[in-house]
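One structure is given below, encoded as structure tokens.
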Amino acid sequence: MSRPPAPHDPRAAGLPDGEALLSVRHLDTTFHTPRGPLHAVRDVSFDVRPGEVLGIVGESGSGKSVTLRSILRLLKPPTEITGEVRWKGLDLLTASRRRMLEVTGAEISVIFQEPMTALNPVLTVGEQILESLRAHEGLRGAAARDRATELLDLVGIPSPRERLGAYPHEFSGGMRQRAMIAIALASTPQLLLADEPTTALDVTIQDQILKLLLRLREQLGMSVILVTHDLGVVAQTCDRVAVMYAGRLVETAPVRAVFREPKHAYTLGLRLSLPSGGAHRQPLQPIPGAPPDLQDLPPGCPFAPRCSYVTDACRAEEPRRQPVAPQHTSACIHSDRLPAFEEVGS
Amino acid sequence: MSARSPRTSAGSAGTDGLAFEVDGLVKTFPVERTLFERLRREEARAVHALNGVALRVERGETLGIVGESGCGKSTLARCLVRLHEPDTGTIRYHGIDVRSLRGDALRQYHRKVQMIFQDPYSSLNPRMSVGQILREALTVHAMRPPKAVFARQSELLDLVGLPVDSLERMPHEFSGGQRQRIGIARALALEPETLVADELVSALDVSVQAQVINLLLELQSRLHLTVLFVAHDLRLVRHISHRVAVMYLGRVVEVGATEALFKDPRHPYTRALLSAAPSLDPERKTESEAVKGELPSPMRIPPGCPFHPRCPVAMERCRSEVPALLPRADGRVHACHLEEPQPTEDARAA
Amino acid sequence: MASEVAATGATRRRARARIARPKPTLLLGLTIVVAMLLMALLPHIVAPYDPSKFDYDAILQAPSAAHWFGTDNFGRDVFSRVVYGARVDLQIALFTTLFPFLFGTLMGALTGYVGRWLDGIFGRIVDVVMVFPFLILVIAIVAMLGPGLRNMYLAVSIVGWVYYARLVRGETIVQKQSEYVQAARVMGYSPARIVFRHIFPNAVTPAIVYWMTDMSLGILLGASLGYLGLGAQPPTAEWGVMVADGKNFMVTAPWISTFPGLVLTLAGVGFSLVGDGMADLLRPKS
């Protein structure tokens, strides 16, 4: 079901011709399961500009985590990934594994949801930072240890020099996440991919980590792709938002626009289903039904079975994403019928 | 304990008596010492889940209980339904001493107070069909004569919005949201007065959460239920609760009418918690962190006020003296040394 | 709500599809086991000759049309002996595993649920038994009691139940923590109901699966002991004994040992595959 890659069209990403650090075009990821092919990511295209925080938001089965992993080719075979992922001109998907690892190790870093499984439990945090410093910055010995200490301090870990010798399990959840960020920063990346980095954390700790990421973005001029299901996190940290549903990118827009004037029925539905200072104890406005099974998708728009704006046209053909406003794209053919969202407090 | 005391001011639903009255609840889970620890004569560690919890739940209201890891809200919920036995303290349900119930009296209590669990994937026996699950509840407690069981099963399914043919199906054939509905139907089979919902929708997709919350609201009004809503999602709690209790490291630090608490939190921890919760408005961003420092482990609770290491306004007194949960001059109730308590002979907690 | 119902309709179709398509290896395993059962139940139909009939005119004959597996040093038809041996070996498979399965499962469930002091006692027993390699312990007990199938069953039962108990105990403890068991407690169900209606059906499945594979181990054990002279005694046709009997003729008449050996292996494989397939089927779907 893969389409031949279209020529590079900046309008498809909703951007005017500009410098994009990362340029994803028509990314398509298919898993081969005993039940048949599973198109986890379908025709996803977006750009990430220098210094911007792009949020990829979606529920389970939306394909947001798979997208992230596809960019770095972190998926095991049998997995088919097609499309283009251009990092400063180099297509990461077709580059040799060695070249890709050189680039991604040095310039792109990843942090995951569960630090306990993402960090090597038998190495101290210091050793894991030093590993990265050795490989990507060429630092050794005292210079490396100094830099590692600096990094731990940068992410807000107290007594950083002593903590270099600590193992991951000796840190608390929030501290472990900070340690993971420190390791990720060791290579001074230009792009940080964060896969649900705060989902497993308590609210007050989540707040600390998100503020830390924003501070680092300022200080280091880093771009961030933040994958999450939490609209609150998106509102507070992202500059631009990409909304995913059933493996497709259904809307991209600056963060204010996504919350004020969503242009896809799913985004609107999602926003409306959250309690937001409306009448106390009145029924919420849920989206009926449940997220679809990717191996049993109906024809046409994947959101059609649950959509209150659906028409026959929606079910006939899967809509393509189009620009609907400046910097704003949507794959909803009824985007003009959607009401703007009234500001009713948090 | 009159219903017209300040703590039941605007925002609470029930004026016809207390459902729960909890006082001084303490629950500690011992941690097995390793051989080395025993040899080195190190003190046994324990998880101090509840450290003197005091709480009142009015009949017919929805009380939200919020807090982060280690605050003890789930342990509290489980103590209320007798899944855990507290070490000390009292739990009274409509005046009855819950902790002393045994045998038949305990079974009667279970009929009145039911629990709905968090994980839709493990809270239903994977080898029992929906019909069997409901039938068991109805027959063990003799809720209906055998001939009327099927009709009641259908009624229950209808109550939670599931089709009748669900009876023959196994839990794995349903989605997460539907499984939660089945769990609710199971609880309702006993026709309880009170539901304790421990993270009812946390494991569900966002777009499905609203469905189940609406169901809860509808059921509560139809069946006149009292609901204890234990959750970490502040937005949801704010939306459906009449009153909210905030817990930290095994204690209730603040409790009050929802809007008053959210608009004007008094306890420094409540302020931090509310400020940390990300707002849905991109225009409203907080610049600095809501609170510094890590969440202490419930195995090593700081002395005095448990929040003092992280509290921006901590005083000397806070390091040594545990603040009591007390009503203040304007009726607000919280546990902090900052404000003087309301001068009254009835200094018991809300 | 229609969309919700539609969703479950689709799930139901898929659930049915999953059950209707068992693994091909399970079918293979079942075929083998059923064939063995036929040999065991109706040997007189399957076997052309009397297994104990000596025929001095047909000693040590190679496999031929008259004797598919050849004959041994007494002129007995090897094929017929293999067929009659199935009865003995399947009995061995059953009797070496049935008691351990039943007793072990019960003990495991009780220990897992009650815990505390019972668990302490149980733990010590397990420690003692597990210190010794299984085979050594069984052989030692049989050596004390004297050779023969009955004593072998006794020996295996004394030792074998511990493995099942451990398995079921672990699973019981896991199930005890699960939310549906907590729900059953909050529903006010009696401990008996919780153990037998809720925990047990979920905790016993690993034991059932292990039982299937244990049967294949049981056959091999019986054959090993038979080979050592501690199990079935000659002239009983038992595969292990037959392999032992034929070892002196490995160069001149290899078919005497080889065919029983092959059938032995096949039986083991058959039960293993069935065990595997059952593991798949019994696994609770999610």
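Residue numbering begins at 1 within each chain, and the chains themselves are lettered A, B and C in the order written.
Convention: a contact is a pair of C-beta atoms (placed from the backbone, for glycine too) under 8 Å apart; a residue touches a chain by one contact, two chains touch by 3 or more.
This structure is a prediction, so every number in the text was calculated from the model and none was measured.
Set against the C-alpha centre of chain A, every other chain centre is closer than that of C.
Interface comparison, B-C versus A-B: the higher number of contacting C-beta pairs is recorded for A-B.
Work out the mean CA point of chain A and of chain C, and you get 51 Å between them.
Distance from the chain B centre to the chain C centre is 49 Å, each centre being the mean of its Cα atoms.
Centre to centre, using the average C-alpha position, chain A and chain B are separated by 33 Å. In chain A, the residues that reach two or more other chains under the touch definition are 288, 290, 306.
Residue positions 175, 178 of chain B are each in touch with at least two other chains.
Residues of chain C in contact with two or more other chains: 1, 4, 7.
Contacts from chain B toward chain C in the complex involve residues 78, 81-83, 106-107, 109-111, 114-115, 117-119, 121-127, 136-137, 140-141, 161, 163, 166, 169-170, 172-175, 178, 183, 186, 190.
Partner chain B is touched in their complex by these residues of chain A: 59-60, 172-175, 202-208, 210-211, 229-233, 235-236, 255-256, 259, 269-271, 273-276, 278, 280-281, 283-288, 290-291, 306, 343, 345-346. Here chain C touches chain B in the complex through residues 1, 4-5, 7-8, 11-12, 15, 178-180, 182-189, 193, 197-198, 201-202, 284-286, going by the rule given at the top.
Interface residues of chain B, counted against chain A in their complex, comprise 62, 68-69, 175-178, 205-211, 213-214, 217-218, 232, 234-236, 238-240, 242, 258-259, 272-273, 275-286, 288-292, 294-295, 297.
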